[in-house]
Structure formats: C-alpha cells, structure tokens
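Listed after this line are the structures, all set down as structure tokens.
Here come two complexes built around subunit A, the first alongside subunit B, the second alongside subunit C.
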Partner chain A sequence: MSETKAKTAVKAPKRGMDANTSAKIATVLMMFPAVLLLCVVSIYPFLWLFRYVFYDYNGMTSYFTGLHNFTRMFGDTAFWASVGHTFEYAILKIIFIIPLALIMAELMSQKIRGSGVFRVIYFMPTIISTAISAMVFGFIFAAYNGVLNAVLRATGIISQNINWLGDSNTAMWAVLIVAVWGGFGNYMIYFMSGLSSIPHDVYESAMIDGAGGLTTFFRITLPMLSPMFKVIMMLAITAAFKDYESIMVLTQGGPDNRTQVMFLYIYQLLFGTSTTKPQIGYACVLSLVAAIIVGIVTGLYMLLARKLDDVM
Partner chain B sequence: MFKKESSGEVMSTSTHVARFILFLFMLIVALLTLYPVLYVVFGSFKENGELLIGGINMFPKVWIVDNFIEAWQKADFSVYTINSVIIAVGVMILSLISSGMAGYVLSRRNFKGKKLIYGLLMAFMFINVGSVSLRPLFELAISLHLNTSLFSVIFISAGTAQATYIFLVDSYMKTLPKELDEAATIDGCTFFQVYIHIILPLLRPILATVALLSFRGGWNEYILPLVFTMTDQAKRPLTVGVTMLKNSGDGAAAWNIMFAGATIAIIPILLIYIVASKYFIEGLTGGAVKG
Partner chain C sequence: MRKTMAKVTALAVAAGMLAACGSTGGSTGGGTAETSTGATGSGDATVIEVWSNNRHDEEYMTQMIDAFNASHTDIQIEYTILTDDWANSIQLAFQANTAPDIITIAASDNMTLSDYVSGGMFESLTPYIEADTEFQTVTEVYDHMYEGLNSIGDEIYWVPNGVRSGTRIEYNVELLKNAGYDGVPATLDELVEACKAVTEQGNGSVYGVGFTSSSPLSRWIEGVAEMSGATHMGYDYVNGVFDFSSWKPVIESAAKLYADGSVLPGSETQGVDNSRALFAQGAFAVWGNASQEAGVFTDQFPVSFDWGVAELPTMDGTVKGALSCTPNFGFTMLTSCENKDAAWEVIKYFSSEDFMKGYLEGGYTLPLSTYMSEKIDSSKTGRLADFALTDYEDVYPTPPSVAIEGDDYLVTLWNAVLGNVSADEAIQDLNTRYNEALERGLSNGSCTRVVIADYDPLHPSAGTPTYETE
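And then the complex of A and B:
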C-alpha cells in the first residue's frame, strides 16, 4: 500500500514532464500541415525565383547569361507598357470601385426596405469564379451578337456595333466594368463593418445640431471611418495590382497589348503562348521587379496615409 | 445619390420620397449586378441559333435542355464537374485541418519560431510574385510525379489561401476563455485532446466559414488548374474546361455549350451562397480587416 503510494509520488513529477514533452510534440505535429503548406507553396517558389535570374531557361535547358535578363528588361518596351497599363487599370478600378462601395455601404446603413436582400445580391459576384464571370461578360460584350450592343442599338444610343473587347479605345473600359462588377460587393462589406463600428450617439448629436445627410457624411462618417478606410484602400490597391485572371479570359492582354498588365505579361513569358516559348529566367526577373513595384506603391501609399493623418 | 440625400435634408416630410428614390437606386444596382448571371442562366436554355443571332431577349424563345445534355455527354462536362467537386472538397478538408490546428496552437502556446511563422504567413499575404510561383511548383510536381494528379492542385490552392483561414481561427480562439483548456487539462486531457474534445466543437461557427470560403476557393480556382492540366484534359475542372472551349477554334461557335457549362459552374456555388451567405460575408470582415 505504502509502496504503491511511493510509486505514484515518484511517478507524478515524471508524468508532468511527460505531459510537457507530449504537448511539445503535439505542438510540432499540429503545426506541421500549415508549416508544410507555407514552406512548399509560399517560401520555396519565392526562393526558386532567384535561382534563374541570371539564366535563359525555357523549361528544358538553361544557359547562364549573366546580366542579360536585366539589360533586356530596361529595353523591353512591351513590359514597361504593361506596367503602365497596370497602373492605369489599378487607378481607374479604385476610382470607381471605392466610391461605389462606400455609397452602397452608406445606403445599407440607412436601413431601407430590402437591405438584407440587396446585400446578398451585391456580394454575389465575389462568390462566382472570376474566370467564368469574365467569360460571361465576354458574351455580353461580343461585337456581333452581344447583348450590350443589342441594348444600345435598341435604345438608339449607338447605330453601329462596337467591338468592346477588340477595339483599343474600349477594351480597358470593358475590363474595368468586369472588375468593378466583380469586386464592389467585397469593399462594400468592408465599409459596412467600418460604418457599424461608429458609435450611434455621434450621429444622434449631429442630428440634434441640425446636420443634414451630406454634412453628416462628410463631417462625421468619413473622418470616423478614416482608420478603417486606410486599411480598405490598402487592400484595394494590392488587389488591383494583382488582377490578371479576368483579363486573361476577356482579352488575353489584347487588342494590341492594350489591356496587357504586368502579371499577365509575366504569365505568358512563364508558360509561353501559342506562338512563343517560355522564357522563365526573364520572367523571374520581371516578377521580382513587379513585386518591387507593388511594394513601392504600397509603401508610398502608407507614407501618404500617415502624412494625411498629420494634416487632418 | 448625393442630390437625393440633400433633398431629404431640406424637407423632412419628403423623407419617404427620398427613401423611395434611394430604394430605386439600390434596386437598379441590384438588377445590374444580377443581370450577367440571369443572362447566362436563361441563355443556357436557348437554342444555339438564337444565341448566335443575339438580341435583347433575356428569356428563350423556345426553352430547351439539350445544351446541358450535350455539354454533359459530348463535351466532357461530367468529368469537369467531378474534378471541380474533388478540388473544392479537397481544398476544404485540407484547409480545415491545417487552419483549425494551426489557429489553436498559435493562440494557445508559446514556442520557438512562433513569431517567425506569424510573420511569414502575414508577409506572403502581401508579397506577390504573381504566377511565377506556379512554375517551380509545376516542376516540383513533375519531379514527384504528381503533376497529373489533382492532389497538387488541391495542395497548392489550400496553401495559397491558408493564411487568411489561420488568422480567422486564431482571432476566434481569442473569444474562447483559456479556463476551458485549463479545466480540461486538470481533468487529464492532453494538449491534443483538449483540441479534439473541447475546442473543436466550439470552433464550429468559424470552421463553417473556413469550410465555405475554402470550398469556394477550390471551386473557382482557374489559373492553377489551367497550368497543371495543360496536357491532361481528363483532369480539368469546370472553370478550365469551359474557358478552353472559348479559345478552341471549333468551340467558338458553340455558345450553347459554353452557356450551359458556365451555368453548371455557377449554380452549385450560388446555391451554397444563398443558403449560407451570412458565413461568407462574416468570414470576409472577420478575417481580413480585424485579423
């Protein structure tokens, strides 16, 4: 009896240590799937990038070409044009999507009849595959049998069909319409969550002071929203620079590279097109540059946001 | 819209009118948002001749289901659909396993390298090298002989999105009192048993969100399976199969098949969304802004 007691007494601290080590082992094992995914899917490809920066690599054979990929980049007008288009696309997308999302979020907070249903509808495009919705818009924009031209002709707005995706004057706008359609619900939800965090009594006191709808919006809602607004803008900027999936389906960068954005250009270098072979080493250099460009834009934005803070 | 608001400001008696105008505005935006989806869904019941002529009619002159039958039987859409389901379910299961456990461990334990893991997860949400990461992963898959299996697509899709889900679970964990773990530990539960018996049931709401978001992510994946199934048609999901049709020469005229295919790709995820829209919307604000 006393012997068993002694045994458990001896065992007790040992079991405690065991529990500790077993918890450590459990920690490692439980983190394993996430860490494995992180290493393989995120870290490994990023490091791989640097391996071919000085090489000409077509997927089969690679040659050391020194700094050639870098000098080529500086003379590559198609790439710099795609960088220009990326900025054009991103800026225009943000100019349209952010105010629209904010207006819709503000309307949602007015508790108008049907708000719940509208919220579900506005958010719906974000649920659908970008590739599929881009293809559907491809049908809508089609030059000969597209419904957009049919509607515009029926209402007398145009007399001749417009080749929305094939004309360099309209292609970028067509791409932007798809982007705004597919994304405004996303930012609306962000803004709604920002608006709901503004305390209600602020609005009440504004009402007592006789502030109208617009005054309240610009003097109270916007400033109170500002911290959240900055985060949302940041998300919007990084997302807008990344987009290329829908452009790939809609125009493949055409017509005449008019909608060619940098990540699509890089994709075509990486995997080749029907007429060109992969140029992987060069694509690695360009994607590093693209990542740096996005990084600089984000950095500048954060700096600007801080400056605005000081002013306001 | 600003005009409308200011008219409400001038006369409070006309508030009802103002609100009605706002309602109309919201209705128009809603109809514009819905239109492309309705257009393709109703269009998929049209005859190809009607689609090729065009016109402004949303509803078919003659309702037919042949497009679906043709797409399903002749254009391999049954295979594409099965592949889409495999990818979506696979991504969902892997995401639930990895994010549930990682979120729990990260919020409850201190260990060496924890900050590093946090930092890397966060950094790779922002560092973006675009499609470049697909190339090494593609070559890795080839060398492991996994390039023709949907497993690589599932693995990569889950890996790309996991940070968001981990942060969702991590921030949800903060709402669960630590006393629960402590009580269970005193009762003799190991660290892992606490997770299985105590935490997992409580994580159900947030894991439902993770499940839906990751299922959607897998279902909608496009460029990744496009790259991995470039030479293997039998492994293509719907997104790739349908859009490939558009680019192929003889498919360009087969609008009816493409409409049916797009509808097959849209409807399942749309139904899930209609039933569970709350989780999708809450998942967005819970993860990206707060987390």
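And then the complex of A and C:
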C-alpha cells in the first residue's frame, strides 16, 4: 500500500509535464497550417523578390546586372508617371467611394421596406469577377453603340458620342466609375456593421434633446463610428493603391499611358508583351518600391488618424 | 476531453493540409487547362504528354489522337489544351518538374528560341530529323529553317507544319463600291482616301476602318511598313542596330485615318472579337488581319455580305520588302522528356502526310511545304484559299531579344498614329531606347547582335546571319 502511494507520488509531476507538453504540441499543430500557408504564399514569394533584384531575369536565365535595376528605376519616367496616376486614381476613388458607402450604409440601416433587396444589389458587384464586370463596362462605355452614350444622348446631356476609354480626358473617370461601382457595396457593409454597434439609447437621448437628423449624424454617428472608420479607410487606401485588374481589361493603361497605374506597369514588365520579354528582375525592384510607397501612405494615414484622435 | 478533441482536430487539419500540398497528380497546369484526350493503353505503354495552346483544332486533334492510341500498344498520347498564358505556363511547369514531353509551338507564341535553348528547355531534333527521310520529304524541313525562330545554326528545335499568312485587308465589297472603289487600292494614301470616302457616305453610322485594342498596329499597318521597305521590328540587319526611321512615311500616312475621322470611334479600345463582330455587322469597311480571319468570318462571326480579301497596299504601290508570315503548328520536345524516342514518334505522327492532309483540308492552317500543298484539295479549305501565300511573304530572322525600358515599338508607334506624339518623336525615342537596351544586353550577355551582311529585304530568310557579342 505504502509502495503504491510512493509510486503515485513519483508519477504525479510526470502527468503534469505530459499535460503541458501535450498542450504545446496541440498548439503547434493547430498553428501549423496557418504558419505553413503564411510561409509558402506570403513570406517565400516576398523573399523571392530579393533574389532577382540584381539580375535581368527572363523566367529561364538570369544575367547579373549589378545595381542597374535600381539606377534605372530612378530615371524611369514611365514608372514615376504611373505612380502619379496611382495617387490620382486612389485619391479620387477614396473621395467618392467612402462618402457614398457611408451614405448608403446610413440609408440601408433605416427600417425601410425593400432595403434588404437594395443591400444585396449594392453588394453584388463585390462578388462579381473584376475581369467580367470590366468587360461589361467596356460595352457600356463603347463609343460606338455604347449604352452610356445612348442614354446621355437620349436625355440631351451630350450631342456627340464620347470616346470614354479612348480619350485621355475621360479615360481616368471611366475607370474610376468602374472602381467605385465595384467597391462601394463592400465598404457599405463594413459601415453598416459599425452603425449597428452604436447603442440605440444614444440616439434616443439625442432625439429627446431635440437633435435633428444631420446633427445626430455628425455629432453621434460619425464620432462613434470613428474606430471602424479608421479601419475602413486603411483598407480603402491599400485597395485603391493596389488596383489594376479592371484597368488592365478596360484600357490596358492607355490611352497614351493616361491610366497606367504602378501595379499594372509592374505586371506588364513581369509577364512581357507580344514583342518584349519578361523583365522579372526590374519588376521585382519596382514591386519593392511600390510596396514601400503603399506602406508609407498607409503609415502616414495611421499617424494622421492618431493625431486627429488626440485633437478630438 | 477538450484537449483530446483539440489534438484530434489539429492532427486532422494538419494531415489534410499535408495531403493537399502533396497531391500533385494530374497532367494539367491549372488555369483553363482541359484534357481532351487521355491515354487508354495498357500499363506497359509509354505515355507521352502533349500540351497544346490551340483550341480551334480540338475536334480534329482528339479524333486523330484517339486513332493513334487505338493503333499503338507501345506509345499512348495524353493530350492537354492550355490556352492561357502559354509561355509562362510552360516555364513554370518546367521549373516545377511537371512539364509535358512535347508542346505545340508557333512563331506567334512569342517564345524567343535563344532564351529557351540557353535556359536548357528545348531539345534539339536534328539527330532525329537527319535519320528520317520521310519526315524530311513531307515537311521540307531544310527549306524551312528560320534562324532564331525554329533553329540556331544547324540545330533544329521545332518544325512548322503550317503557316499563318501575312496580314491582308478584309473589306466590305459593297461599302467600298458605294464610295467609288472596286477594291482595295495599291497605295496607303489611296486607302486612306477610300476610308474617308466610306465615312462620308456613312453619315455617322458607317466608317471607313476599324481597329482593336489588341495590338492594333500589327493588324495591318506593320505589314504595310514591311512591304514598303521599313525595318522589320525596327531592326537593321545589315548594321546590327535598331533604326525605326524608315517607318516615318507609313506612320504619318496612317495617322491621317484618325485625323480624317475615318476610324470607327472607340474601336481602338475594343477587344479583337468585338471589332470583328462590328465588321461582320457592317459598321466599317476595312479590317486587317491574317489567315485566321477565314474561319472567324465563316464560323465565329459569319458575315452575311460580300467580303473580299486583298493584299496590303504599300507606300508607292510597289513591294520593297517581305511581308512577315507566321510558321505555326510545330512541336518541340522538352529536355525533361524521359522517353525521347517515343516522343519523336509522336512528333513524326503529327507531321505525317496522313495527319497533315486532314488538318490542312480542315482549314486549320495553310500548308507550308510544297509537298503538302500538292497533296491537298484546296477547294476543301473554304475562304482560307483566299489567303494563299504570296511570293513576297517570308520569315524574318529573329532580331535580338532586348529588355527595353518603357513601351515597345507597337505601342509607341500606335501613339503616333493616334496623334499623341509626332512620328519623329516616336522614332527618335524608339531608336534611343532599343539601342540602349541592345548595348546593355550585349554587355550583360543576355543577347547577341545579329548581322546579315548579304541581307535582302525581299528574301530575309535567305541571308547568312552572324552573331556578335559586342
């Protein structure tokens, strides 16, 4: 009996260790799939970029070029022009998409009959393939027999067809319309989620105090939406700077590079054209620079948002 | 209990992940791949994987591969069609050791042979060809060695079994006739005038000419430049440098199409099929493209009106340079192929007289060898017969493969046609950027300078190329 007790006493700490080790193993195993995916699809490709920044690499053979890819980048007017277009596109997109999404979220949050149907309609562009929707807009914007021109002519707004995608003055606006149409439903859902988290009694108190609709929106809704607003803005900024798919389908960066944005430029270098071979090494350098640019913009926004928080 | 469940769940998820990562079976490379014909022979048979980027001939290929597999017990063909991002798909598959044994190849695939050879991807077919007189007879391979395209020196890497014609003008007979033209004029300036006349007759609903967003310059203006004596892809083979100055009159003349308002508005922003559909609807009179349009305007977008096929105009009505045609329907063996003799038997089958007779009579491509031209009944090929090769069509040696900065010559010169820059500015810009890229490529060893001292612009493939590294 005493022997059994002694054995139990000796084994007790062992069971404790086993349980601890088992928990650690379980943690590692639980994390393993996510970590593996992160390494394979995120960290490895990023490290892969560094491998070729000093080379002229065509996908099969790499030729050492030293610092040429970097010096070329500083003097590449086409790239810096594309950076300028990216800023123009992103700023305009955010100026239109965020207020629109917020207004629609506010409207859709009201208990209006049929608002559920509109929610689905507004969100639908988010789940449609960008390439497909851009192709459809290609028909809508067509200068000859295009739907948009037909409507504008029928309503007397224009007398002559506009070459929406082929004219340098209108191409950027055309791609922006597609971007806003395709993205505002998504942000609308985010805003609705934020709106639903604002306690209803705050609105009731405001109403008792005699606050009108606009006052309530600017004094209650917007301040209480602030944390969510910051996240949505950050997502909108990064998404706008990375956009290129619909532009690739609609204009291929034209006319005369008017809608050439930096990630489309990088894509064209990475995969080559019908007469040029891929320039993977240089595309890697530009990818890193583009990532830094997006990172700086996002960082500046976060800094600004924090400063505003302190002030307010 | 909760911990046990957690462990079980974690193990199951991890096992699932590993299983998913490890499952690399299947012969396709993803994307829009489609295996149309699979090997069905016994387990002892050698399976040769063939990848193709041609969908238009799928029915015929499937039928003939089925016949091959049924009549062979030692070799079976597994055939896969991959239409998207062809060159990159092949490169990625090769690097991942999942490449097929054989791939289809054509001049239009933009796969620079020297890059693939120096990258160790393509197997030389020369030893097999030398030992096979029947193959030599049917394909006339030694008459169709195109330096830098399918051969380098004496080494042959693929043999074209067919050819896509150089570009032609496809036109709406009635629209041109109403504007006072019986056909396509012999000079570019006259064609510009004809397009203007059609547009004036059209009163805003019908236009002279239509383009597309997909490589608009190469649809037919590039062909006009070549036939007018301009440098092929801007490369001066005699001096071994890029020089686009000979393109100036062609670009300036073509720019009048836009200046006159003769181009279907916005057609340069539409995909090629949209523009084809608009031509088939009668929205404009003049369209330009190569022999693939025979099938397009017969089956894909059937044209209800009388449409003609004409040779391209030139600057002064005389042909001073060869028009590029595009050898196609070739097969190349990858170095990763483990059963090279069996793979050669499959390539030989695809190039055999029986196989090619049905293929050519089916109208899938034009014959390249005189031998096959004489064997087929061209009356069976439909409108493809209108695109028969002319005596001034040839294959140019491949210019140096350079990594240029900025837009390529097709985009830059098209901008000049649109009037965004002047022809002089575009040409000066191209000369600078292409020659800088050439010098850079020579210094880092990524390209060589091709020089053909006895270059004849009317017979560019007849010259003797030499390669310089400086």
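One rule holds for everything that comes next: the second predicted complex is superposed on the first by the 276 of 312 C-alpha atoms of A that agree within 3 Å, B and C clash if a C-alpha of one lies under 4 Å from a C-alpha of the other, contacts with A are read in each partner's own complex, and residues count from 1 in each chain.
As a working rule, contacts are C-beta pairs under 8 Å (C-beta built on N, C-alpha and C of every residue); 3 or more make two chains touch, one makes a residue touch a chain.
Just so you know, these numbers come straight off a predicted model, no measurement behind them.
Subunit B and subunit C, once both complexes are superposed via subunit A, clash.
When both complexes are overlaid on chain A, the residue A:S193 reaches subunit B alone and has no touch with subunit C. By the touch criterion defined above, A:A26 lies against subunit B and subunit C together after alignment on the C-alpha atoms of chain A.
Using the contact criterion defined above for the overlaid structures, shared-chain residue A:F50 touches neither subunit B nor subunit C, since it reaches no partner. After overlaying the two complexes on the shared chain, residue contacts for A:T238 are found with subunit B alone; subunit C is out of touch. When the two structures are aligned on the shared chain, A:W80 is found in touch with neither subunit B nor subunit C.
Of the two partner chains placed by superposition, only subunit B is touched by A:C284; subunit C is not. In the overlay built on the shared chain, the residue A:G138 is in contact with subunit B and with subunit C.
Of the two partners subunit B and subunit C, more subunit A residues are in touch with B. Judged by the touch definition given at the top, the superposed model places A:G114 against subunit B, while subunit C stays out of reach. In the superposition on chain A, contact is made by A:T65 with subunit C only, not with subunit B. With the contact threshold set out at the top, residues 19, 22-23, 26, 29-30, 33, 37, 135, 138-139, 142, 144-146, 271 of subunit A are in contact with subunit B in one structure and with subunit C in the other. Touching subunit A in their complex are the following residues of subunit B: 1-2, 5-6, 8-10, 19, 22-23, 25-27, 29-30, 32-34, 36-37, 39-40, 43, 51-56, 94, 97-99, 101-102, 104-106, 109, 111, 117, 120-121, 124, 126-137, 140, 155-156, 158-160, 162, 166, 190-192, 195, 216, 219-220, 222-223, 227, 230, 238-240, 242-243, 246, 255, 258-259, 262, 265-266, 269-270, 273-274, 277, 280-281, 284-285, 288-289. Per the touch definition, subunit C reaches subunit A in the complex via residues 3, 6-7, 9-11, 13-14, 17, 21, 85, 87-88, 91, 110, 112, 115-116, 118-121, 213, 215, 218, 233, 264-271, 274, 278, 283, 401, 403-411, 415, 418, 420-421, 440-441, 444-446. The touching residues of subunit A, counted against subunit B in their complex, run 19, 22-24, 26-27, 29-31, 33-35, 37-38, 40-46, 48-49, 103-104, 107, 110, 112-115, 117-125, 127-133, 135-140, 142, 144-147, 149-151, 154, 181, 185-186, 189-190, 192-194, 212-215, 217, 228, 231-232, 235, 238, 241-242, 244-245, 248-249, 262-263, 266-267, 270-271, 280, 283-284, 287-288, 290-291, 294-295, 298. Touching subunit C in their complex are the following residues of subunit A: 19, 22-23, 25-26, 29-30, 32-33, 36-37, 56, 58-61, 63-65, 68, 72, 76-78, 135, 138-139, 141-146, 161, 163-166, 168, 250-252, 254-257, 271-279, 282.
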